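The structures come next, written out as structure tokens.
Presented sequentially are two complexes of subunit A, the first with subunit B as partner and the second with subunit C.
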Partner chain A sequence: MFVHIFRYRLRCLLRDKETFFWTLLFPLLLAVFFHLAFSNLSKAEVFKPINIAVVDDANYQNHHSFKRALEEVSQGDDRLFNLATASRGRCDQLLDNNSIDGYILVENIENINAEKPIRLVVKRSGFNQNIIKSFIDSYLQTESAVKTIIQVNPTKQQQLLNSLDERKQYLTEVSASRAEPDNILNYFYTLIAMACFYGSFLGMREITDIQADISALAARVNTAPVHKLKAFLSSMSASLLIHLTEMLLLLIFLRFVLQVDFGSRTGLVLLTTIIGSLAGVSFGAFISALVKKSEGVKIAVLLGVIMTGCFLAGMMYQNMKYIVSQKAPLLSYLNPVNLLTDAFYCLYYYDSLSRYALNMGILCIFTIFFCLATYSIIRRRRYASL
Partner chain B sequence: MIVKVDNLVKRYGDLTAVDHLSLEVHDGEVFGLLGPNGSGKTTTINCILSLLEYDEGEIELFGQPMTPDAYHIKRDIGIVMQNVAVYNELTVYENIDYFCGLYVRDKNLRKKLVHEAIDFVGLADYAKFYPKKLSGGLLRRLNIACGIAHKPKLIILDEPTVAVDPQSRNKILEGILELNKQGATIIYTSHYMEEVERICSRIMILDKGKAIATGTNSELKAMIATGEKITVESNDLSAEQLAAIRELPNIVSAEYNRPLLVIKSSRGANNLETVLDFIKKEGIQFSRIYSELPTLNDVFLELTGRALRD
Partner chain C sequence: MPVFRLCLKILKKQLPIMLVYLIVFLVISLIMSSFLAKEQQQQDRLFTQAKSNIAFICEENTPLVNGFKQELSRVANFVELPDETEALQDALYFRTVTYILRVPEGFTERFMQGENVQLEKTAVPDSISSTYLDLFIEQYFNTARLYVQQMENISQESLVQYLRSDLAVGASVELKTIGEQPLNQNFANYFFNFLAFSLLSVLILGIGTLLLVFYDPDLMRRNACAPLSSSSVNLQFILAILVFTVLAWSIMVAFCLLFNYKNSLNLNTLYFVTNSLVFAVCGTGISFLIGNLVKSHNAIPAVNNVVTLGLCFISGVFVPMELIADSVLRIASFTPTYWFVKANNQIAKLTQFDFANLEPIFTSMLIQLGFALAFFAAALVANKKRRFE
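Right, the complex of A and B next:
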């Protein structure tokens, strides 16, 4: 009997084009859109050397230390500047046609206390202009400090020069992971979480087809000599199998076609997807059993809850996830979409599994609750009205 | 006794949908539940099937109390719902096989039963069709096939001919009689009196949840005063002549709405002959005269004061 119902439920679900679209094609399409939109965003975050020029005059040529410092930061792959030397007139020209973000003019090398011994000329203020200014300020501060120390205590000259070579970093960046933080990944992880919870459409359908007070078809099934738990389990198994296959296809597409990074814990990523799928399908079954309204109302409720969950998990605005975790931390634990999203990010980023385990534990509790509550509603032996 | 319902009461808030209803269906019967829409037919059926909670009463099927988990009883029941209840994603064959499979585990037996059901309802040419491709009549036949494929001992058909063309309706009614001939006991609900008159061996008339009469077709008709209805089409009838007709033997009533004169007579022989003799004697011109026996609608009308299709 189990196999008989399971086999026919599989056929029904595989031929249901509408559900197939929402549970598989729609997440795939959305993933492609995300990829197109966010790949440019990632490129924008890569640092590019800043185009600058320096006025090539006697002041500059004679200011050996500044000249050397400027040339040093304008060499190599990780250089700060693309440096050009030119006459003042040419520098103005380059600035006017936006070929450079600014140019440097060495005005007074004799008097470091002068108001502007090294000037920066820019057309507008901005991020790149700030970096150039910071470089000049840093140079001037160091130069001033060295000159003052030499004037006050010339015997310390050698010690000073040694200390300049031994700059110490007093802050050390400690990464929680070997992986690089990547905010864009969160969008794809919310998409997987959304796809998991779109499995609720399958769960909803299973309940519609089994509850006599919802459909004539279900009433017919209820008159057959089949235990309700058996019918429920076999049809839910078919839904789960379909949805898990769809989720696997989505993961393969994301990983191998769109090159989305899931970290190195493939087994746990699959386990998370399985639990997410279970949570999604059982959530749909629960809502369907709970809401005694038409199919349209049920779909509206499901979509409303899922999309709100996605929004709070950062699908439309990635900072929302952090806003919720700061302002209303309880909400981030009550939002199953967020739990799933965060679980995927934990697997990617953190070396420790404690946060991942907490997320999955809460999600499992939700899933068990959905299943038990659903069965307690649908096990009703007779209905008050049909 | 196949079905025994004793003092069944089902209320929806203040509305009593089934009001102290008792009925018995015997082995081999085609038992008709006749009543207008909202009279409680479907509610009674749903209570019998243990789908609905009810407030009072007892229901036994095959001599045992009917409960939602009485699977041994359910195994012998076939149900054809008022609304078509099939899967749109499954073909005709698959739908019948699916529902038959809920009752019959043996694959070979099931295959045989499914083919028999398809032949029985005349859907052999449509076996691979999806329900959406079927006409209303064919869809109703599929609905029936899904309910009877497992060869149940008791078949409950709840208004199976609603919105069906006359040809398909005929086919369905013939099929029901054939099932009965093969040994199945049938409960048939309808608000079409012609259908009930045609196929049911015993009939219960329901109104507002109450059984107002039960019996065979002729027993029900015998319950009312009208034995025969004589209709005369004439433009030539005076008030004196109408009064004289009312005084004729066995005449219960005579109403004249030009050109129709409707005379209702009580049971008895030669009523038509008596009326004809009077017309000849008076020299009344008429274009047509005909006599009808009372219908179930007349029974319902006389018992409730309303026509069956009100």
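Right, the complex of A and C next:
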């Protein structure tokens, strides 16, 4: 009997185009949109060599040490500047049409003790402009330090020049974790969480088709000599199978077509998706059993809860997730969408699995609660009339 | 006007679901517009000061480190974070800080002895702000090294003192003025951009349903028997659609003006409103076309979501246009939302209202009107086909 109901239920569900659209095609399309819109997002903060110019006059040509320093940082792959030399007028022109972020003017070098021997001309202030300034500053500051030292300790001149040449590195990069903080990934993780919870449409249908006071089909099913729980479980398994397949397709699409990075724990990513799918379908069944109104209202409640959850998990504005976890940490553990999103985030970004385990633990408790509550609502229903 | 009344009745039945859309969109638009506008402002301020948010974790307390921290505060905002791996990782991921600097214990002592010691940094890889901070920190300790190497037994206090006077030296910066600064129109800009999403959704839902009811074959045949000339029927129908469009549009615009009344009394707002009206016409065209193509009621929300989300994602409604890849924008330029958003972004920057500055905005509006015409024409073709089926 189980196999019989399961098989027919499967065929029945496979013909429901609308549910198919919302549970499979819609998340896929949304993923494509995310990919189109966000693919460039993280490139905005990457450092690129800054275009600058220096006014090419006698002062600059004669200021050998500055010239050498400037040329040094404008060479190689990890250079700071793309340096151009031009006349003052041409420099102004370049600055006006935004070809350069600023230009450098070496003032009178005969008067090297003048207050400000090197000048920077910019059109607005920003990080790039400050990096140029910072470079000139560091040149002038080293010069000032040298002067101070020679004044105090005139004998050390040669040694000083030697130690000037050997610039040392005082910073070592310690990476925060084994993964880069690529902050567009969270959008895709919320998307998977959303798709998992869109499985609630399937769960909702299962209840609609088993509760005799909701649909005629359910009334007919209830008259059959099959235990209600058995009928429910077998048709529910069909829904779960369909949703799991859909989720797997979504994962494959994200990973291999859109190249979304999930970290290296593939097994756990799959496990998370399976539990997410279970949670989604059981959530739909729970809401559907709880809200005894028309289908429109049920869908509205489901979508309302899921979309609010997605919003708080950072689907529309990703810092929302961080704001919630800072300001209302309890809320971030009560929001099942966020639990699922955060589980994927932990798998990708954290080395330890403790927060992942916490997330999954709470999600499992939610799922068990949804299942038990659904069971206690739909069991042993008798109707005086339908 | 029986047809007009019928239309209003149908729309009224759709009212609850449209209201849900309207309210959800308004709430989200308001939250996002104000968040983004605030964030933008904060970022602008940080950029002008060129300060990055950093977490400074210090395992020792010495005059050298304190002096260094004081100098560092010229280029950095210190954000207090607990020294826990996951808290630091989270902060870096969500860009609360872009740089984490750790001074290990014993750093000062070994540095003063001339040893090669290292500070530990964790940053968003290859980012602009991290490059800038790197420069600053390396410069500080390289200059300090000169003193330590050349002046034997220099005390930490006098080292910090020397460094402070050296670091006070800097290039003089000349800022070439670029004219008037635009008013802060971030909020209105974001809100009107989001309007593309909400307005389009409501229009498609309303007009799509209307058309679907009217072109139900049985109903259409019944209505054709009515003692009303077809031109009167069509006129009333068009009137109903117009009233619906204007109503939906004015409610949304009114909300924007209500929440942003302080910044609304200027010419920019006038152009924002005009632009959104032009877009509303275009949205009616799109809805008209969809209503003529869709065959079932259940398909309307599906088509609605695909069309509105698709259009909005690729043309810079949710993500600022500057951050979208050029190839995507090129595709987007074949959609009216792209021109709507583009015009909004240009309007937000307007300071002078002469023809040279306004011309690109008018061009964008004309292109939207062109799109509207194209959609109406396509809808009429689809309509004709449907009637002969």
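Here, the second predicted complex is superposed on the first by the 351 of 386 C-alpha atoms of A that agree within 3 Å, B and C clash if a C-alpha of one lies under 4 Å from a C-alpha of the other, contacts with A are read in each partner's own complex, and residues count from 1 in each chain.
In the analysis below, a residue touches a chain if its C-beta (ideal position, glycine included) is under 8 Å from a C-beta of that chain, and two chains touch if they have at least 3 such contacts.
Computed from a prediction, not measured in an experiment: that's the story for all the values here.
Trainee: On subunit A, do subunit B and subunit C fit together or clash when superposed?
Mentor: Partners fit side by side after overlay.
Trainee: Applying the touch criterion given at the start, work out whether A:87 contacts subunit B, subunit C, both or neither, answering first, second, both or neither.
Mentor: Touch status of A:87: no partner.
Trainee: In this superposition, which partner touches a larger number of subunit A residues, subunit B or subunit C?
Mentor: Touching more of subunit A: C.
Trainee: Once the structures are superposed on A, label A:294 by its partner contacts, choosing first (subunit B), second (subunit C), both or neither.
Mentor: neither
Trainee: Examine A:264 and indicate which partner it touches, taking first as subunit B and second as subunit C; both and neither are also allowed.
Mentor: After superposing on A, A:264 lies clear of both subunit B and subunit C.
Trainee: Kindly classify A:217 by the partners it touches after superposition: subunit B alone (first), subunit C alone (second), both, or neither?
Mentor: It touches subunit B, and subunit C stays clear.
Trainee: Taking CA centres, what is the subunit B/subunit A/subunit C angle in steps of 10 degrees?
Mentor: Placing subunit A at the corner, the angle measures out to 90 degrees.
Trainee: After superposition on the shared chain, which partner residues are touched by A:226: those of subunit B (first), subunit C (second), both, or neither?
Mentor: After superposition on chain A, A:226 lies in contact with subunit B alone.
Trainee: Between subunit B (first) and subunit C (second), which does A:36 come into contact with in this model arrangement: first, second, both, or neither?
Mentor: A:36: touches subunit C, not subunit B.
Trainee: So, A:376: does it touch subunit B (first), subunit C (second), both, or neither?
Mentor: neither
Trainee: For the superposed model, what is the least distance in angstrom between any CA atom of subunit B and any CA atom of subunit C?
Mentor: So the smallest C-alpha gap separating subunit B from subunit C comes to 13 Å.
Trainee: Can you list the residues of subunit A that touch subunit B in one structure and subunit C in the other?
Mentor: After superposing on chain A, no subunit A residue contacts both subunit B and subunit C.
Trainee: Mind listing the subunit C positions that touch subunit A in their complex?
Mentor: 17, 20, 24, 28, 31-32, 35-36, 39, 47-48, 50, 75, 85-86, 88-90, 92-96, 98, 100, 102, 116-132, 134-139, 141-143, 145-147, 149-151, 162-163, 165-167, 169-176, 178, 298-299, 302, 305-306, 309-310, 313-314, 318-319, 322-325, 328
Trainee: So in the complex, the part of subunit A that touches subunit C is made up of which residues?
Mentor: These residues of subunit A touch subunit C: 18, 21-22, 26, 29-30, 33-34, 36-41, 44-47, 80, 95, 104, 115-116, 118-131, 133-138, 140-146, 148-149, 152-153, 156, 159-160, 163-164, 167-177, 180-181, 183, 186, 296, 300, 304, 307, 311, 316-319, 321-322, 325, 345, 349-352, 355.
Trainee: Of all residues in subunit A, which touch subunit B in the complex?
Mentor: Contacts found on subunit A: 1, 4-5, 8, 11-13, 15-16, 212, 215-217, 219-227, 381-386.
Trainee: Quick check: in the complex, which residue numbers of subunit B touch subunit A?
Mentor: 12, 46, 49-53, 67-69, 71-72, 74-75, 77, 79, 81-87, 89-90, 94, 98-99, 101-103, 105, 146-147
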